[in-house]
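Down below are the structures I want you to see.
Each of the next two complexes has chain A plus one other chain: chain B in the first, chain C in the second.
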Partner chain A sequence: MTGSVTTARRAGATPSAGRRAGSYVERARSIPFLIPAVALVGIMLLVPFVATVYQSLTNDDGFNAEFIGFDNYVRLVQDPMFGRSVLNTVMWTVGTLILPVGIGLVIAVFTSQMKGGRWLRLAFLLPYALSGTATAVIWGFILRSNGALNQAFTFFGAIAPASGWLLEWPTNTIVMIVANTWQATGVAVILFLVGLQAIPTETVEAGTLDGASGMRLFWNIIVPQLKPVTVVVIGMSIANSLRVFDTIWLLTKGGPGGSSETLAVTMYRETFIISDYGYGAAVAVVLTIIVVGASWTYLRQQLKKG
Partner chain B sequence: MRNTFLIVLGVLWLIPVYLLIVNAITPLSEYHGEPLWLPVGFDLWSNLVSAWNQSSLGLGMLNSFMYATASALVAVLAAGLAGFAVVAMPVRRPSLWFWLIYLGTLLPLQIFLAPLFQAYVNTSLYDTSLGMILIYGAICVPFAFFIVRNYLTTIPPEIAEAAKLDGAGWWRLFFQIHLPLIRSALFAAFIFQFTWVWNDLLFGITLTTSPDRRPVMAAMAEISGGFVSLGPPVVLAGALLVSLPTVILFLSCQRFFVSSLKASA
Partner chain C sequence: MMRRGTAMKRLGALSAALALTLTLGACSQGSASGGGRSDGTTVTLNGDRADFADGFALASDALNDITGVKLEARDVPSTENYQQIVRSSLKTNSTTDIVKWWNGYRLQELARSGGLADLSNEWDKAVEKGWVNPETRDSFSYDNKVYGLPIYKSYWVVFYNKQVFSHVGITPPTTWAEFESNNEALKSAGVTPLFATQEAGWTSFIWFEEILSKLDPDFYQKLMDGEAKYTDPTAREAMKIWSDMYAKGWFTTPDTAWDTEAALFAAGTVAQVPMGTWRNGTFAKAMDESEYGAYILPTVKEGGTPSVIVESGVISMAEKAPDPDATREVMANWLNPKVQEPWVNEIKDTSANPEVSTKDPVLTSVLDQVKAAKPVELVRYWEASPPALIEGGVQFLGAFMANPYPENVDPTLEKLQQLADMEWANWKAAGK
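Let's turn to the complex of A and B:
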C-alpha cells in the first residue's frame, strides 16, 4: 500500500504525465482508486445477481441443477400462493405510499409551525431508530391474541377478535403495514422537514396575504413546493416496502398458510426452507424486475429535474 | 383543533414505546401472562441480564459491533476512493462506473442470497467473521458511494488543478486535500451504514449459524421465538437492549443527519 502510494506520487510529479486528453497512462492511474469499490460490488453483488438469474432457469434443489428454461416462471404464474404473495406485495406498496408518506407530510408541516413541535416530533422519530426485529417484537406483544390491543378493545367495551390480529388475511397484512408505518414514518418526517426549510418564507407570506390559510395554504402553496422532496420520499418508500422482510418473518413467518407472504418472504421460504433454489430464484428475479422498474421510473423523474 | 389531533397522534405513537418500557422493567414474578399498562415494580436489570445471557445475545451484540464498524469503514473508504476517481480524475465514461457501483443499491437483497450462501459454503466463508464483513461491506458501498460522490461534486475543481500544478500526485491529492474536505460526508455515510448493518436480520440468519458468529438481530430473532417460555419481560428487555445503540446514535446525530441530507439533496 505504502509502496504504491510513493510510486504513484513520483510518477504523477513528472511533467510528461500531465493532464492530457487521451493519455492512457493518466487514465490507468484511476484504476487503483476504483478497484476496491468495483471489486466488492462486482464479486459480492453482481456475480450473485447473474448467478440467481441463471439459477431461475434451472431446477436446482441444492444437489442437482438442470437447465429447464422458463418452467419455473410458468409454475409461478399457475401457483395460487404466488398470486397471494404478489397481491400482498401490492398492498404493502400502496399502504406504504399512503400511510408513512401521508402522515409524515402532515406531521412535518404542522409541527414545524407549532410551539414545542420539536418535542412532539420526537415521538415519530424515535421508532425510526429501531430495527425491524425490535419492531416485530414490540408489535407481536401488542397484536397476539392476549395482547395489548385486545386488552384495550375489551377495556373500551368493544369485541376483540379472539384469535388476535395475525391469523387471518387480510387483517394480518394490514396490521403489519400499520406496524411498519409506526417504524417508517420518522424518515419521511425528517425528509419533509428538510424540504420545508428550503421553501422561502416570502412564498408562504405572499400566500397568506392573498388570503390563503389552513388547508388551502397547505394544498395550494406548501405541497407543490415540496414536490422535489416528495419524489425522494416516495421513491424510498416504494423500494423499502418491496423489501420488507424482518417484520413479516418474525410476526407471522408469512403465514398462516402463506397468507401474509410478500415476494421477499416467498423467496426466502422457497429457497432456504424448502430448498427449491430454482423456484426461489425465479421469485427473486420477479421481485427484482418490480423493484428496478419502480426505482427506474423514480430516478428518471429525478434526473429529468436536473 | 389541529394541535389536539397532532397530540393525540403523538400519544398513539408513543404507546408501543411506553408498553415496551413498562413491561421490560416488570419483574418476571409479577408478570401473569397479560400485558401490563401500569408499572408494578422495577427489575429491569435482571431482565437485561437474562436477555444478555439468552441465545448468546451479548455475544451477538459484540459480533455486530465488530461487523458494523469494520464493514462500514471498508465501505466508506472504498466509496471515497471510487467517488474521487469518478469526480476528480480523468476517467473514461464516469457515468458507466457510477451505474456499475450504484446498481448494487437498486437490486433487492433477496437476489444475492442463494448464490452467496452456496459460494460461502464452498469457500468456507460460511459462518465466519470475514465472510460477514465482506458481504456487509459490499452492501454498504453503493449508498456510501452515492453520498460521497454527491458531496465531492460540490468541491471546486480549481482546488485539484492548483494542487496538480504544484506537482501533487493523485494519492497525495486524495489523502491530503479531498479526504479532509469530505470528512463530514464520510462520517454521515459511516453512521448510516453502521446502523444498517446493526439492524440487518436477513444476512445474519442466512450466512451464519453458530452463536459465536451470529449478529445481534439473528440472536434476537431466536429470543423472540421463545416469547412465552422466556417470559415477555425478558424478550422485551432484549428488544430494548439491542435497540439502545442505534437509538443513542440516531438521537445524538439527528441534527447532523439533517444537515448532511440537505447537503446531498
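Let's turn to the complex of A and C:
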C-alpha cells in the first residue's frame, strides 16, 4: 500500500489531486491507528461520563438505585451548601486566575533579565515539584491556630487573629488559594519564560529604537507576543481551579460546617462520605458542565481571535 | 520487511501490555474485595483497620485450633474507600466472606440492603454460653434479626495524663464540680485541660455527646432515636455548657490536627482526652500505666443517672459469602473466650464477651469502674442515628466549634433539627 501511493505521486499526479484521491484510502488506513486512542477515551472517559449522568438521575445509595428523574438537581438548587460551594468555586477560579498567572508573569519577566535571576527563579519553581498533598501538609503546619504563622505573630509581639485562619469563611478559602498559588506559580513561570525566549530580539530592539521603554515596552511589545502562552496558562488555571480538591481536603475537609467546600469537595463528600451516590453524581455532572463549558468558551474565543 | 517486522513487534508489545493491564486489573479486583478461594479451610475478611492485622492473625490461629478454619484478613486503609468497596461488592460474588462494619444504624443500613446473612442462630448460641450480653442485641439487629457480632466493646472514657495530674495536684474527678475545678487548676498551670477538634470531621460530635449523655442519658437516647428534638431545652443546656467550657479556654483549638492528639497527650501539652478505649492501643505505645489512666466522665448534676457511651465494631457475614458453611463455623466461635483473649489483648481493647478479662491495666481500671458504677450503656452518636443525619450533624457541630459562642447555640440546634426532620423522613421512606 505504501509503495503504491508513493508510485502514484512519483508518476506525476499533482500533490493536491493525489491528496484528494488518496484521502478516503488514507482515512480508512488511519482508522486502526485511531482505535486505541478512541477506545481509551471512550472507555475511560465517555462511558463513565454517561454512567455518571444516568446515576445522577437515580437515588443510588451504593446498594440499590431507582430512577427518580431530576430530583437530585432540584435538591441541588435548593441546597444552601451547594450555593456556598459554587461561590467558593468561583472564588478559587478568580483567585487562581489573578494570583498564579499574574505573579508567574511578573516573576518570569523580572528574572529573565535579572543577573542571578536563574537562582531567584528556582525559589518559585521548586514548590511546583511538590505534590498537592505535600503542599497541604506544609501549609497545615503554617496555618493552624497553633501553627507557625501564629507563632511568628506572637514572637514578633503581634497579636494572632482570634479566629483561626482555617476556621472562618471567607478567610479559610482565601488562605487556601494563597497556599495553592505558592505551589502553582512555578508552572506559569516556566511557560511564560518559554514564551519570553520565543520573542525575537529584533521586535524588542525595534520597539526600543522607537522610544518604548519600561512599562510601555512591556505592555505594548512583550505582552502581546506572549499571548499564545497566556492562553494556555489561563486555560490550565481555569481547569485546575475548578477541580481543586487535595489542598482543601487535607487542610479543612471542606469545613468547618462545609464553609470551605468547592464543587469537587461537595461531590466527594456526598458520594463517598454520605454515600448519596445519585446526589454526588449530580454535583459531578454540574461540575463537568462548568469545567468543559468554561474551557471551551475561553479557548474558542481566544483561538478565534488568534 | 523490516518495517513489517517492527510493526509486528509493536503490535506484539501492545498486546502484551494490554494483556498485562487486564491481568493486573483482575488481580487488583481480587485483592481489594475478592472472595478468593473457598475450599472450606479459609474464610476471608475485609476491614479498614491495618492495625488489626496482628490481632486477626492471632484470632485466626485460635479459630483454626477450634474449627479447623483459618481467617484471612485483608484491609483497605481508607475508611471511605473501604465503605465504597463493601457497598459495591457485598451483593456480588466478589465479596469476602466476612466484612468488618459498625453497629447501630450503620449496620441496619447494610442489613436492609439485603447483603448480609442472618446471624441470629450464632447470636443465640453465644448468649446461651454466656459469651455476650443479651441486652446489647438491639444494636446488632435489624428487623429483629441479628446481622453482626461485636469485635470489641469500647467504652468512651476520659484518658488523663497521670504525671500532669500529680504535678498540678489533682485526682480524677468523681463529680462535675471536681471536673470543673480540675480544669481550672490545669488551665492555671498552663496546660490545656481538654482535647477537642473538628479537624477530622467526625470528632466534632464527641463533646456534644459526652456532655448531653452525662446531663440526661434518657434524653440522649430519645434524641438519637428521633423521639426528642435538638431544639428541646436539654439539648440547649448541653450546648450552653459546652460553649461555657470553650469560653473558659479549656479546649485545644478547633483546628488542631487529630493525628497529633496522642503526641500532645503523651507530652502533657493536653491533660485529658475523651476517647473510646479502642484508642488505648495507641496511647499504650507511647506511655505506660504510671503515665496515663482513664475515668468515666461524672454526671453533670449530682445524683443524676450515671452513663457511659459504648461503641462496638462488628463483623458480619455476606449473604453471598463464597464459603458459607466455614463462615458460619467461624462466626459461631468468634466470641469464644479462646479466640477473644488473644484478639483483645493484641488490639488492647475490651471484649464484648463478659467472661474475657484483659491484661491491660488501664482497661482493667475502666472495667472496674463500670462494674462499680453500673452506668447506663448508650450507643455512640456515630452509630445511634441514621448515617446521613450523623454525617450532616457533625458538620454543624464542627461549625459550632469554630464559633462556640452562646448566640450560636440556637442557630446550630435549629439547623440540626431541620436536618433530623429531613433525614428521619428519608430513613423511614427508604425502609419501606
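Observations
Everything below uses one rule, namely that the second predicted complex is superposed on the first by the 266 of 306 C-alpha atoms of A that agree within 3 Å, B and C clash if a C-alpha of one lies under 4 Å from a C-alpha of the other, contacts with A are read in each partner's own complex, and residues count from 1 in each chain.
By definition in this document, a contact is a pair of C-beta atoms (placed from the backbone, for glycine too) under 8 Å apart; a residue touches a chain by one contact, two chains touch by 3 or more.
This one's a predicted model, so the numbers in the text were calculated from it and none came from an experiment.
Look at A:Pro256: by the touch rule set out above, it reaches chain C but stays clear of chain B. Of the two partner chains, neither chain B nor chain C is touched by A:Ser241.
Legend: residue contacts after superposition of the two complexes on their common chain; A:Ser30 is shown touching chain B, with no touch to chain C.
In the superposed model, A:Val41 makes contact with chain B only, not with chain C. In the superposition on chain A, A:Ile273 makes contact with chain C only, while chain B stays out of contact range. Judged by the number of chain A residues each one touches, B leads among chain B and chain C.
In the overlay built on the shared chain, the residue A:Thr89 is in contact with neither chain B nor chain C. Applying the stated contact rule after C-alpha superposition, one finds that A:Ser131 touches chain B and leaves chain C untouched. Contacts of A:Val229 after superposition on the shared chain: chain B is touched, whereas chain C is not. When the shared chain is aligned, chain B and chain C each come close enough to touch A:Asn146.
Common to the chain B and chain C interfaces on chain A are residues 36, 140, 146, 272. Interface of chain B with chain A (complex): residues 2-3, 6-7, 9-11, 13-14, 16-17, 19-20, 23, 33-35, 37, 74-75, 77-79, 81-82, 84-86, 89-92, 97, 100-101, 103-104, 106-117, 119, 134-135, 137-139, 141-142, 145, 164, 167-172, 174, 195, 198-199, 201-202, 206, 217, 220-221, 224, 227, 232, 235-236, 238-240, 242-243, 246-247, 249-251, 254, 257-258, 261-262, 265.
Remark: chain A residues 4-5, 8-13, 18-19, 21, 23, 26-27, 29-30, 33-34, 36-38, 40-49, 51-52, 55, 103, 107, 110-111, 114, 120, 123-134, 136-142, 146-148, 151, 182, 185, 190-191, 193-194, 197-198, 228-229, 232, 239, 242-243, 245-246, 249-250, 263-264, 267-268, 271-272, 277, 280-281, 283-285, 287-288, 291-292, 295-296 touch chain B in the complex.
For chain A in complex with chain C, the residues that touch the partner chain are 36, 61-64, 140, 144-146, 163-164, 166-168, 252-253, 255-259, 272-276. Within the complex, the chain C residues that touch chain A are 14, 80-81, 83-84, 87-88, 90-91, 113-115, 198-201, 252-257, 387-388, 391-392, 395-396, 398-403, 430.
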